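Input: structures, listed below.
Each of the two complexes below includes chain A, the first together with chain B, the second together with chain C.
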Partner chain A sequence: MDYPLPTEKQGISFSQLQNSALFVFGLGAGVVAVIVFAAAAIWGSQMEFPIDAGRSVGARIDAVVDWTNINGDWLFSAIKIVVIKILITMEDALLWMPWPGLVVLVTLISLRLGGTFVAAFSFLGMMGMGLLGLWESAMETLALVFTAVTLSIGIALPVGVFAARNNRFDAVLRPILDGMQTMPSFVYLVPAIMFFSLGNVPAVMATIVYAVPPAIRLTNLGIRQVSPEIVEAARSFGTTPMQLLTKVQIPMAMPTIMAGINQTTMMALAMVVIASLVGAGGLGEDVNRALGRQEPGAAAIGGMSIVIMAIVIDRLTQGVVKKRQDALRGT
Partner chain B sequence: MSFITSHKGLWALVIMAVAMLGAACGSDPTSTAPAVNQPTQTPVIIEKEVTKFVEVETEKQVEVTKEVQVEVTKVVQVVATPTPAPKDVIIFSDLNWDSIQLQNRIAMFIVENGYGYPVDTVTGNTISGFVGLEQGDMHVTMEIWLPNQQVVWDKAIRRGDIQSVGSSLDDNWQSAFVIPTYVAEANPGLKTVADLKKPEYMNLFVTPDSRGKARLVTCVPGWECEKTNENKIVAYGLEDVIDLRNPGSGAGLFADLEGAYQRGDNWLGYLWGPTKPAAELDLTLLEEPEYSDACWAADQGCAYPSAAVLVAVHSSLPPRAPDVVEFLRNWDFTAAAQVSAEGWMADNNESVDAAALWYLANQQDIWTQMVPADVASKIIAALP
Partner chain C sequence: MAQNSTSAVADRSAESEGLVVQKNLVKVEGLWKLYGENQSLATDAAGASITKQEALEKHRTVIALKDVSFSVDRAETFVVMGLSGSGKSTLVRCLIRLIEPTAGRILVENDDILQYDESQLVQFRRRKVAMVFQHFGLLPHRRVIENAGWGLEIQGISKEERYERTQTALDLVGLQGWEHAYPRELSGGMQQRVGLARALAQDPEIMLMDEPFSGLDPLIRRSMQGELVKLQRDLKKTIVFITHDLHEALRLGDRIAIMRDGQVVQIGTPEDIVLNPADEYVEEFTRDINREEVLTASSVMDKAEIVLLNSQTPKEALEILLSRSLDSGCVVNDKGECVGSVTVDEVARASKAGSTDLASAMNGSTKPVSKDTSFGQLIPLSLASDRPIPVVDDDGKLVGEVHREKLAAGLGSRNHINNVD
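This part shows the complex of A and B:
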């Protein structure tokens, strides 16, 4: 921490100010300590808070959830229908392609984006999943993760761009994103089931809540990091704000935004097993069932498949980021 | 840290240090405890201090007995006289549903106050709770549901880690497929599971993601009923009618039912009792052919048998606490008692802790049958 140097002859110097502030702080702490001491001497460990409002506040929140469930049904039903449409389309598309097709396709993409090693890993990993009988589960999980990531990007891009342009919105947004990342997901899973009813839809919703923050944060950061000179130059050529955004800022920020999407995908995969507790299918369900039957082996197989999937997707998206960065550097 | 060199900063530090030292001394109950009879204090305060003093003493006793325990058992081995051995803590597994939590609190109050064992709980869910019992991290589980936990139960019995000492919730609600009563009233023709074959009833439960079939929320993955429900659907010839929906967890099943019930939506699913939704919501059971061993062995195409809910203990408990095991053998807590306690909790917005005391205070003629008379009188004396 670097303190500003005391400026001369300004009535009261900074160090004096610092001392008196410390004195006041010390005095305050002393008074508090004396009160604590007195309270401890009189009541000891028996001292309790004046009221215990936990149950009644909890009941209030329950009432709000119930009210939302009854009165927000039109909204939740609409969201549900859209999400189900995307999910079923994705899943059908993934399962429509016979497995050799998908294996070859992913291996070729890996070869292009990540090199021989990544391609070999992708091939072996996918063959392994198939040979262990987890292909359908894996595709269901993939559909779930892709749906959640697609919707997350749809939310994160506009929100991130707006946050980059508006500092006040950014200041409000930040604690909300912190909350979304740290709030234990079980807290919002139960309301999510009540609103969206069991299955992949509440799972997608819960996954979005957990996975969208990095995409928003890194979109925000990426746009802010575009150098002011470039923005200035673009303006001087007479770009409209829309052109500035779509032709200059977003392309320049693309590597950072892609890094955010990569993080979002990884976090979405991390939610797969938790999502299975609200009835999401796929690998998470396999792990969940194995746990219920105390079969650590089956759980390990399912878990390893999730890891393989995560590594392949991670290398592929990172490959995209790298290609994009190289392009921006003009190589 | 330049402020330490300045005098005012130093003062502040000294004040803080003195105050903290004082607080630290003051908060230590043993140092203030001997000063009980200070005449300068008002009578009210003296009374408070006395009650505090007693509590500290009992806590101390527990700690001391724990430390001494090893030596005493050695003495017992040599002399072999039945000296009252110091009692070690008995841990109940506190699983995440109401009926077991209430039973735990009732049983714990009895064991602690009637038999003098220190008690504690460890929180868990079906899986972690079961593993904890096998390992001996917990000693008593008041509810093991069979046949749902049959797979893990059989494994544990084979290894000899745990044993059943009794049963609870003997009159439990049979597992069944249920619909909310408002659905049954709107569709008087829908009485049995087989009625779902009729398109007009199947269509009631079709949802956007059920691919044109009736959505039936089935049992928690990994429980035996998941498999059983699949067999039933095949036995009833409902494969093309029913889309079994995995609820992921008990909490998921209950929340889905609760949410649909609030909205007045059509809902079809598997449920058992006593559970919170079974107690609170007005539900109708769909009829199935009556249970028989023969049909169960053939294709499970009939109603569920009543579940066996076992009280299980870790194998280390019977040798060291035979009196508690004897009490658990006499354990007689019915689903009806659970439902009435559940109702009392909902009406008064109270916790399970309060409900346990309410039960002990109001159902004395039932629980006093489970314990010897002298133990019962100790428990009654300990009730608040």
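This part shows the complex of A and C:
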């Protein structure tokens, strides 16, 4: 029921600790710098590191991935089935409607959430994609992105909520998320292929790893930002932690969570071309093929389609965010 | 007003006879709250004598509450007052366990709420107690009626019943017509009415109010205070009211506790606090208080020296007054209700005229006043009258009389004044 107040930590000793740690660190850095410069002066650029551990560490990671691949087979198969199922459902849903239906629908939604300009842009953009013969590719990409985003939300909400309620977990999570976001996205492709072979599934999985951090971060932030006075008032009436979460914290954090989902979607779209390297279809594959065949025109058309898609989705989700914010402000 | 002594008596008898019904609803015993490194100060012998400053410097520990004890009677408005940082908010939050105390007991109807597990605590917060906050704590995305119905909603009460009960509460605080507005559309005063309605909709026995009117401008604050007094007259809730404003405390409180550095330095009725401040700290608070508004007839009245019956003849009355060498006396009827007073001159004239009716003698009689009459009202009455003013209780029964000299003394120094208890 009672979450530890940040202020109840023993702030005094901590800041002192920080100061002395900083001092020791500075001293150590100075000593190291002197040694390095001395060594460089003596051996010049010929100097080698005493051992070369790159190979053996890499091999160790390989071994871990191999082991996981063999022993986690049942898990990966299960994930694969689920992801394929979602992908197919999404794609069927998108292709079920003849193109004029979808164009009209998206234009109307754009009109409502973004206004005339966004609506016009959506209409022209979608018509353009269709007229350039990219409709099916676009739908496949959309299905891929939506699947990755849906699964990302499924991961980000519970993880973000837990991080908001548990400072220690948050402290551990933060550097991991930083790493996930800065790691070149290519790196995720290798284990993704090993666990899920080629196709749309490893593409979705790699996309999730790359795109999920902002959704987690902003869910965490959004919940932490809910005014402590409101939380306190709600609790004083006998609100259970679950009610607090579903009726106070999540609704109030919604604009921030939506902003996270918006970013996650944009990052998923950025992964589209890279994901095609492991066999994902859609616009990414078109661009990739154009690269192989040295057809700059086709590459440009595919790339433009991705950009248009990103802009439309961005404006629509931001429209939702704004509506939520207005609702929270009570206007 | 004089609940102090009576409640103590009621307590003792209730305890000795093991009665379930007892007058005080909330009882706080030896409550401590420490923030920081040395939590054992609360139970140590060392803690008892340490000052807030020492604890902070030597033990890196903030003493927010230090050995606080008091009890609140049913239907009483108990005001806690003190400067910023004296521990008022901490105290009131401990009463609903938004803050966990370090040591001590909080008994509500003889149940130690600090022993409650999570589900008992939730039930306690849903049934027994409701809180009103300084910054309102309303949900911005919910309409007024949904905000005020919050407590009922989370109990799972059906929408119909919820709306009905919430509407009643909104009517009580004068918000009819605003049910579907959003908090942002309301002024501060009206937002706090929503906060008040939200608490009232729960129909709690105990209401905790942490500086509910401090954020409002002075005019609104005064009118909200007035409305709270009016509401309380009908609802008779047990209220713990936090404020840093002595005027507010005096206006609302049946009793007032004054806090400094986490300790309670004095508990007493408003008159008590003004007339007999326990130390310089309290006196400092009371310095700019207008005594005329705080002091009432009951704090300066004397026991009536003589009581005449209206069935007596003027002649009999004259004899009685002369035999006691008194200038005047109060007259009561056979039910004990005061009907006025007579002077020696009046009865002498009436008996000379041969009248047998004492009532006919009471020409210049002053009307009896209620014992809650303020000095401000008493003074002109007293100046216009040639005799002491009879004081009656709510039933019209004579309880004493006010002499002019006593009034003057009450306005000046605080000696020569009755201790109200």
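The criterion applied here is as follows: the second predicted complex is superposed on the first by the 290 of 331 C-alpha atoms of A that agree within 3 Å, B and C clash if a C-alpha of one lies under 4 Å from a C-alpha of the other, contacts with A are read in each partner's own complex, and residues count from 1 in each chain.
Definition applied: a residue touches a chain if its C-beta (ideal position, glycine included) is under 8 Å from a C-beta of that chain, and two chains touch if they have at least 3 such contacts.
This structure is a prediction, so every number in the text was calculated from the model and none was measured.
More chain A residues lie in contact with B than with the other chain of the pair chain B and chain C. Within the superposed three-chain model, A:Leu27 lies in touch with chain B and out of touch with chain C [touch as defined at top]. By the touch criterion stated above, A:Gln243 is placed in contact with chain C alone, chain B being left untouched. Of the two partner chains placed around the shared chain by superposition, chain B is the only one that A:Met194 touches, whereas chain C remains out of contact.
Once chain A of one complex is fitted onto chain A of the other, the partner contacts of A:Asn69 are limited to chain B, with no touch recorded for chain C. When the shared chain is aligned, chain C comes close enough to touch A:Ala234, but chain B does not. In the superposed pair of complexes, A:Gly128 makes contact with neither chain B nor chain C. In the three-chain superposition model, chain A touches chain B and chain C at no common residue. Chain C contributes residues 35-37, 60, 96-98, 100, 118, 121-127, 130-131, 133, 135-141, 150-151, 153-155, 182-185, 195, 198, 202 to its touches with chain A in the complex.
Chain A meets chain B in the complex at residues 15, 18-20, 22-23, 25-27, 29-30, 32-34, 36-38, 40-46, 55-56, 59, 66, 69-70, 73, 80-81, 84, 87-88, 189-191, 193-195, 197-201, 276-281, 285, 288-294.
On chain B, the positions that touch chain A within their shared complex are 2-3, 6, 8-9, 11-13, 15-16, 18-20, 22-23, 26-27, 29, 32, 45, 48, 52, 126-127, 130-131, 151-152, 155, 207-209, 217, 220-223, 226, 245-249, 251-253, 255-256, 258-260, 262-263, 349-351. Those residues of chain A that touch chain C in the complex are listed here as 1-2, 7-8, 10, 12-13, 227, 229-230, 232-240, 243, 247-248, 251-252, 327-331.
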